[in-house]
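Next come two complexes built around subunit A: one with subunit B, the other with subunit C.
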Partner chain A sequence: MLDAAFFRRWMAEAAAVVTREADRLTELDSPIGDADHGNNLQRGFAAVVTALDAQDPKTPGAVLVLCGGKLISTVGGASGPLYGTLLRRTGKALGDAPEVSREDLAGALGTGVQAVSTLGGAAAGDKTMLDALLPAVEALAVSFEAARAAAEQGSRDTIPLRARKGRASYLGERSVGHEDPGAASSALLIAALADTADTATDTTAPAKDGSDV
Partner chain B sequence: MKMLINVPETVVPDALRGLAAAHPELTVDVENRVVVRRDAPVEGKVALVSGGGSGHEPLHGGFVGPGMLSAACPGEVFTSPVPDQMVRAAAAVDSGAGVLFVVKNYTGDVLNFDMAAELAEDEGVQIAKVLVNDDVAVQDSTYTAGRRGTGATLFVHKIAGAAADEGMPLDQVAAIGHRVNERARTFGVALSACSTPAKGSPTFDLPAGELELGIGIHGEPGRERRPMMTSREIADYVLDSVLTDLQPRNPVLVLVNGMGATPLIELYGFHAEVARVLGERKVTVARTLVGNYVTSLDMAGVSVTLCEIDEELLRLWDAPVRTPALRWGV
Partner chain C sequence: MSEPTGKPADGPVGLVLVSHSAALAEAVAELARGLSPGSEVPLAAAGGGPDGSLGTSAERITAAAAAADRGAGVAVLADLGSAVLTVKALLAEGDELPDGTRLVDAPFVEGAVAALATAATGAGMDEVLAAAADAYAYRKV
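Presenting the complex of A and B:
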């Protein structure tokens, strides 16, 4: 089962990986965007870590609601409302349970991803973060590692797509051949989740059959 | 790329401190990133709040003052401000007559202003919104995020601001804003890419002998790249795009807008070509503005905005305005 501490570690890991990969995200955002995706997410997740230290939310849902609100207040652009809504709605869907299962998280994340789709008016194949998140949610029902692999594959699969939403859409055919930076950062967020689950398995109670917690 | 900055992280607050030092008639909250005219809220008058990413100066902070914006919310460079800023600005300028949000059609701006409108209304502020989407370079709005908001933003700020100054109620000020937007069209070209402070190098690669047609205002590439053209050829191409879409029967306002790194001598030379084409096409010019107003950092290039007007819109355009970047009649 996953408790508030697990979710805090996930957010801290997300902050770390966004910082490590900020330059790559910004590079991806240059040919088809405006070259700031890495910096914006880095700023937002740094604020998330500070808020978690200051407020100490007690349930998984409360952790994600707090983090989502913080992203909305600090990131700006389209990423702020979209990532903020993802975490807030996922957190709300988790309710106030002190611990949740991976399956619970998969269901809640599905609600969060649906909210992102509604807010941004995008669907699968539009070359957006949804192209990483939708397959990840489905695979999370199987395992954390499957979710990581699905998100990474989904992000790579945006390369041949023509963007239909967001700023890359203005490029039309010229958006083809580039990986979507939002899908790439979504894959990082899911990778951070899988890494957090790995660590939890290593240091606490490894599942006997070697599967994910 | 050399830049006149300290460190990239403080570019926006540094510029706000400078704006405050230069313009004591503005209240600049550097920490919360809100620029407010000092005499706000103005009793009985509708207030205008706009904002967007920084890097488009003088838009938006340079348009705050009597006859134009009541407040502006600057985001990070090319990044929409966050809802907290708009909520704070709305609370600071609302006299009880309501607040008009002027929003450029970019996904981030739309999402953040929508969230802010909800929050401000919860706090009892009446909000109306005008979405600016004047960029004709975006042809296929079904398969994109829709036409971008660019040069026409200045016309909406000025004319709706004058309407508010005359004491019109919120729905009427909003209606004026919509009317301006519906009759305004823009097309922009870039001769060079711009460099964001965070990246420190050009956001896309534009070879010396080529130009980008149909750019937005965030350093994003345009819809087409061609071998470099003369000022005359560019004016023909740009105005053909605008006039095909607008087909004005009434006089127009003309904005020949520099993108940030094109000197005024080139802008005026280009405007001579613009005036020639408009004459050939029998379009009557009511008023003209040439200069750097809705910029894209250090991008070289130009955009042309035409806005078809009537007597009321012309009266509001000519009304007094007193802001850092636009002032006349006072």
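Presenting the complex of A and C:
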């Protein structure tokens, strides 16, 4: 079962991986976007880490609702309201349970992804974060590792697509041949989840040897 | 949330202009005010990102909406992608924006001018929204 501490570690791992990969995300966002995706997400997740330290939410749902609100208010680009809505709706769908199962999370994340689809008016195949998140949610019903693989594959699968949402859609055919930065960052978020689950099952306590710092 | 038709509003409908650019939001506000001289409609600009560069700031939007609220609702015009999405996300939160806040479906400049001119006549929210949306119907060619 996954408790609030697990979700805090997931968000901390997400912040770490976004920082490590910020340059790559911004590079992906240069040819087809406005070249700020890495910096924006880094700023948002830094605020998330600060908020988690200050507020200490007690349930998985409360952790995600807090983090989602922070992303909406600090990111500054479209990924803020989109990721913010993803985390908030997922958190609300988890309710106030002190612990949730992977299956519970898969179900709640499905609700969150649906909310993102509604907010952005996008669907599968539009070359957006949904192309990583939709297959990840489905695979999360099987395992964390399956979700990671599905999200990474989903992100790579955006390369031949033509963008139909966001600034990249103005480019039409010229958006083809580039990996969508939102799908790439979504794959990172799911990879951070799988890494967190790995750490949780390796030992009874979270790693303290600094190996993943 | 919205005022029932016919009920006298507490004050004029407020307007908020959300742009990726602080300069653009201010300039459109100045243009709209200039075309409705003497208007007492509260009009607040919320341009730029959290660090002042190009982008969208949820905090600037909530502050502008609070400043423009006179109890008759706040009409929010937004320019592009994240500006629109952030307003929608804040509306979905339920408690971030004043009661009666609405996102206007209109082109940014023309919609702002139409919304301010209409609000200045004392019109209610529905009329302000309709006037701004009407700007889509004006073809330039």
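The definition used in the following text is that the second predicted complex is superposed on the first by the 204 of 213 C-alpha atoms of A that agree within 3 Å, B and C clash if a C-alpha of one lies under 4 Å from a C-alpha of the other, contacts with A are read in each partner's own complex, and residues count from 1 in each chain.
Note that in this section a residue touches a chain if its C-beta (ideal position, glycine included) is under 8 Å from a C-beta of that chain, and two chains touch if they have at least 3 such contacts.
On a predicted model such as this, the values are computed, not experimentally measured, just so you know.
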Quick check on the superposition: with subunit A as the shared anchor, is it clash or fit for subunit B versus subunit C?
clash
Would you check which partner chain A:L109 touches, where first means subunit B only, second means subunit C only, and both and neither mean what they say?
neither
Touch test for A:L119: subunit B only (first), subunit C only (second), both, or neither?
both
Name the contact category of A:A132: first (subunit B only), second (subunit C only), both, or neither.
neither
In the three-chain superposition, say which chain, subunit B or subunit C, touches more residues of subunit A.
B
Classify the contacts of A:R174 with the two partner chains as first (subunit B alone), second (subunit C alone), both, or neither.
first
Quick check on the superposed pair: does A:P81 touch subunit B, subunit C, both, or neither? Answer first, second, both or neither.
both
Quick one: classify A:P31 as touching subunit B (first), subunit C (second), both or neither.
first
Which of 92-100, 200-208 or 218-226 in subunit B clashes with subunit C after superposition?
92-100
So which positions on subunit A get touched by both subunit B and subunit C?
34, 36, 40, 43, 72-82, 119-120, 166-167
Spell out the part of subunit B that touches subunit A in their complex, as residue ranges.
53, 75-84, 106-108, 111-112, 115, 137-138, 140, 143-145, 148, 196, 198-199, 203-204, 216, 218-221, 223
Considering only the defined contacts, which subunit A positions touch subunit B in the complex?
26, 30-36, 39-40, 43, 72-82, 119-120, 162, 164-167, 169-172, 174
Please output the residues of subunit C touching subunit A within their complex, sorted ascending.
49-51, 53-59, 80-82, 85-86, 88-90, 92-93
Subunit C-touching residues of subunit A, taken from the complex the two chains share:
34, 36, 40, 43, 69, 72-82, 84-85, 88, 119-120, 166-167
